[in-house]
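Structure record follows, encoded as structure tokens.
First chain written, first letter: the chains are A, B and C, and each begins at residue 1.
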Amino acid sequence: MRNGPSPASAIPAPASWPLWLALIVAAVCLGLWMHSQGLGYYLSMLSRMMIYGLAACSLNLILGYGGLVSFGHAAYMGLGAYTVGILITEGVPNGWLGFALAMAISALMALVIGAISLRTKGVYFIMITLAFAQMLFYLVNSIKAYGGDEGLNIKLRSEFGLGIVLKNDLHFFLLVLVCLVISLVFMQVLMRSRMGRVVLAQRDDDIRTEALGYPVYRYQLALFVIAGAFGGLAGALMVNQQNYVNPNLMHWTQSGVLMIMVILGGVGTLAGGLWGALLLLTLEDLIAELTPHFPFYVGWVLLAVVLLAPKGLSGLPDLWRNRRTPAAKQETQP
Amino acid sequence: MTWILFLEQSLNGLQFGLMLFLLASGLTLVFGIMDMINLAHGALYMVGAFLAAWLTQLTQSFMLGILLAIPLTAIFGMVMESTLLRTLYARDHMSQVLATFALILIINEAVRMIWGTDMPLAAPAALSGPVELLPGLFYPSYRLLIIGVGLVLAGLLYLLVTRTRVGAWVRAGASNREMAMAMGIHIQRLFTLVFGLGAALCAVAGALLGPLLAVQVGMGESVLILAFVVIVIGGIGSIWGAFVGSLLVGFVDTFGRTLMPALFREIFPPQVASAAGPAVASILVYLLMAVVLFIRPQGLFAKR
Amino acid sequence: MKNFRLACLLAASLAAFGTGSLAQTATKVKIGLVSTLSGPNGAIGEDIRDAFNLAIKLNDGKLGGLPVEVVIGDDQFKADVGKQLFERMVKRDKVDFMTGVVFSNIMLAGLPEAVNEKIFYISPNAAPSPLAGKDCNPYFFVASWPNDAYHEMAGQHATSRGFKTAYLMAPNYQAGKDSLAGFKRFYKGKVVNEVYTKLGQLDYSAELAEIRAAKPDAMYVFLPGGMGVNFIKQFVAAGLNKDTRLLLPGFGADQDISRGVGDVMLGMNDTAHWALDINNASNKKFVAEFEMAYKRLPTVYAAQGYDTALIFDAAIRGVKGNINDKDAMRKALREVKFDSVRGDFKFNTNHYPIQNYYLREVKKDAQGRLVNVLASNQPIMANHGDAYVQECSMR
């Protein structure tokens, strides 16, 4: 039983740069407008959604492109958040240093966890990633100096100089946007490179790829580390957005939430995680006002997506086009 | 540590381990035979507990509450299997993980909508006191009941799997599904039956543990991870592996919770010990799993 | 994709219209109440919320003469959810005051959102010691009791009853640490062991085995809500209540706990600043009205929630409705005088209460219900403040 979605979502198409540029400009305009209208709270919420989007996209690297079901991805987000949080608490608010260190530490942890976990396959891989995540969760929980399970409040946000004041909602939003764009561009370039091709090949058939002479384990590990680094970046942004971090950010159920975002938006697509995050969190805010039973509806939507529309939002145009002809949705490989 | 303390903790470990076994056995069978990762297994445990609590309230009898909750949960499980889960057998593991994760969300909220976030469940008054097993060793009688029921069910399950025809089918299906189908075993019906059995075992565990732990929404998630750890240690598809794995995890966790802090207090200064002790205790089980996987990657008693 | 972006834009603009007028009016008061309203500890938050609403209802829907709107949020016993609720209520709903949180860890996470925006927070329960001392805040007031107080009283009582050895247990968070520190401050016997369990832990079999091996004279546990119910049941099931006297802080033996545990609680002692049968007009009215409205007896949490509303009422009246004058508001709060259900009440310089503390006992009332009432009219300590007031820079 092979892991991963249908081979139909193969190498990412070349980016339609005009479309992306238009989106970026629209986002900047939106941010400027919201700030001028005094909608700071909503701008802050939008930033939060985009941070989750970044985390989801980083998960998509290993989940969608790599075909590796990791339940421990939230751990990297948590590590990044705690790195920056602890640095600020100890009097080192320098953003450049903090963010770089956050990514480095997450990448290092991903290297360690990946090196061990990637030697296993299937459900053992899932379990080991989950176990590592839980281990980190409990360890962080026990560090009382930085709050333990009460969490860590930070009094100021990271400082980047250059006139950037992160306390300002607009500045923060633009920082998140810049990080998001840079990350997505990097991922796009990565997946269209040779490494990307090998990654996709091993997702669909790792034995054959190995037989062709590619050291699959090394490519998987490299991907794992890169995904971890971007998860750490998302965490660094997150602790700034909330001025707070607690170990729950690293819990395995948080990894599940990230997975939901990836699936909703379209697994194996570049920005699927972003759309999924925006959709899920917007729905959550809207529906949570009406009913406390929001997870019930999310569950059904997720179930429907998995069973009927495995490519999520990104796959909707295809579904619409194919609606007259019932397409075969599952692979039937033994 | 005195002998009395050691014995008492051993009984605690045994009790915890046996309850884990009830959950893990169903999980390993489902995984072994149907090759399906079912994250919603913990939700069945929760449904069993809530049904038991609700029925105990209705009938004013703990016995009736449990006895009725078991078949109801089994039916719920079988309905879930034949409608939703069947479509997942042919799908890849990721889809199964996601779909069953979605089921957790749905079932948790549905339970909350029907019964609220938690329900009280009390053990029968006759069992609310201790029993003197050995001079000086008192142990809560209710926990002894749990140990008794756990051992009996383990024994019955063993007999079912090794001595009956259905058990033979189950073992055949776990070893080689295609061959089993080729040999004429009604695989669909077998799947539903196995799922129902797993759900029933979950219900027993949920109902029995209800009075000790709280019957509350979300109670399934924490045991779910431990159940998975158990079957990974024991080997997927093996009931014997689930049994050994459960007891191992039960003992390691129970002794870890008390020995680790004490050990750390001896070695490290109190500041470090009071934080590190409990932390190491909680990850001990995962370390155990990592060690087992390192030595024997398929688990201790894997079928294939 | 682009359509989706437009949709977001639309949603944002629609929401903008919903935020309402930005002009400040002191024609009504908006109070945000964040509490634990679900899960095994949900009963506590519900008591606070119900009592708070009752006080408002009995006051014709007004506090200090201004009509009140209470915005309610459930923190689900999670600090990050609580923090987000605080942020939403302060920044989006633009509440005038905040209140409600049960647990100290959740409150510590959410409080900065309020006080950083100069929003007053009156705590109907959580009162951790750092905020009484070096972290005291001009916008933070406590309507309950300092986290250490019940435990200090219990330590005092254990000493005067002659318990030579004591075994202590609390969950591993700020209030837990405060509780055992408080007990030890006034207990003169020997502390055999001090155990910190996981917050939310429900199975105490391993800890109970250790307790049995240690054979202490007295056992003091701080386990609020569902944790307490489970522990007491398991303690009794293990037969430990025969040799070891269980002492509890007030809320550890209140209505919500005794309902869950049952008759084995009869005769157990605990310490508190309030009891059902405290003899004053305000308390009599409160207990009667609460029982009539909600068909259950109030707990200390309810009493605190009710008093919180009364404090708002008196303070808002004190500034004659001019709630946006922060300095005047603070002065009115510091000097507040009202008919507290507990009797004497006044704020210390660190905004924590100075009040009496009593010994209580679980008995059966005329209707056969388990109730926690005064064991004696003599307080264990009268006009007691807290140990941290000197560390606070406010005077």
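In this text, a residue touches a chain if its C-beta (ideal position, glycine included) is under 8 Å from a C-beta of that chain, and two chains touch if they have at least 3 such contacts.
Bear in mind the structure is a predicted one, so any value in this text is a computation, not a measurement.
**Q** Return the chain whose centre of C-alpha atoms lies at maximal distance from the corresponding centre of subunit B.
**A** C
**Q** So which has more C-beta pairs touching, B-C or A-B?
**A** A-B
**Q** Distance from the CA centroid of subunit A to that of subunit C, rounded to the nearest Å?
**A** The computed centroid separation for subunit A versus subunit C comes out at 39 Å.
**Q** Express in whole angstrom the distance between the two chain centres, defined as the mean CA positions of subunit A and subunit B.
**A** 32
**Q** Taking each chain's centre as the mean of its CA atoms, how far is subunit B from subunit C in angstrom?
**A** About 37 Å separates the centre of subunit B from that of subunit C.
**Q** Give me the residue numbers in subunit B that touch at least two other chains, ranges are fine.
**A** 112, 278, 282
**Q** Residue numbers in subunit A touching 2 or more other chains?
**A** 148, in rising order.
**Q** Subunit C: which residues touch two or more other chains?
**A** 172
**Q** Flag every residue of subunit B that touches subunit A in the complex, lowest number first.
**A** So the residues of subunit B touching subunit A come out as 31, 35, 37, 84, 87, 90-95, 97-99, 101-106, 108-110, 112-113, 178, 221, 225, 228-229, 232, 236, 275-276, 278-279, 282-283, 286-287, 289-290, 293, 297.
**Q** Any idea which subunit C residues touch subunit B in the complex?
**A** Residues in contact with subunit B: 38-40, 42, 172, 196, 198, 202-203, 205-207, 209-210, 212-213, 226, 230, 233-234, 236-239, 260, 262, 264.
**Q** Which bits of subunit A are touching subunit B when the two form their complex?
**A** For this pair, the touching residues of subunit A are 1-5, 63, 67, 69, 116, 119-120, 122-124, 126-128, 130-132, 134-135, 138-139, 141-144, 148, 252-253, 256, 259-260, 263, 267, 293-296, 298-300, 302-303, 306-307, 310, 330-332, 334.
**Q** In their shared complex, at which residues does subunit C touch subunit A?
**A** Counting only subunit C, the residues touching subunit A are 1-2, 4-5, 8-9, 11-12, 15-16, 19, 22, 74, 78-80, 83-84, 87-88, 91-92, 104-105, 108-109, 112, 172-174, 199.
**Q** Mind pulling up the subunit A residues that touch subunit C in the complex?
**A** The contact residues of subunit A facing subunit C are 19, 22-23, 26-27, 30, 34, 37-42, 44, 46, 148-151, 153, 155, 242-244, 246, 248-249, 275, 278, 282, 286, 292, 313.
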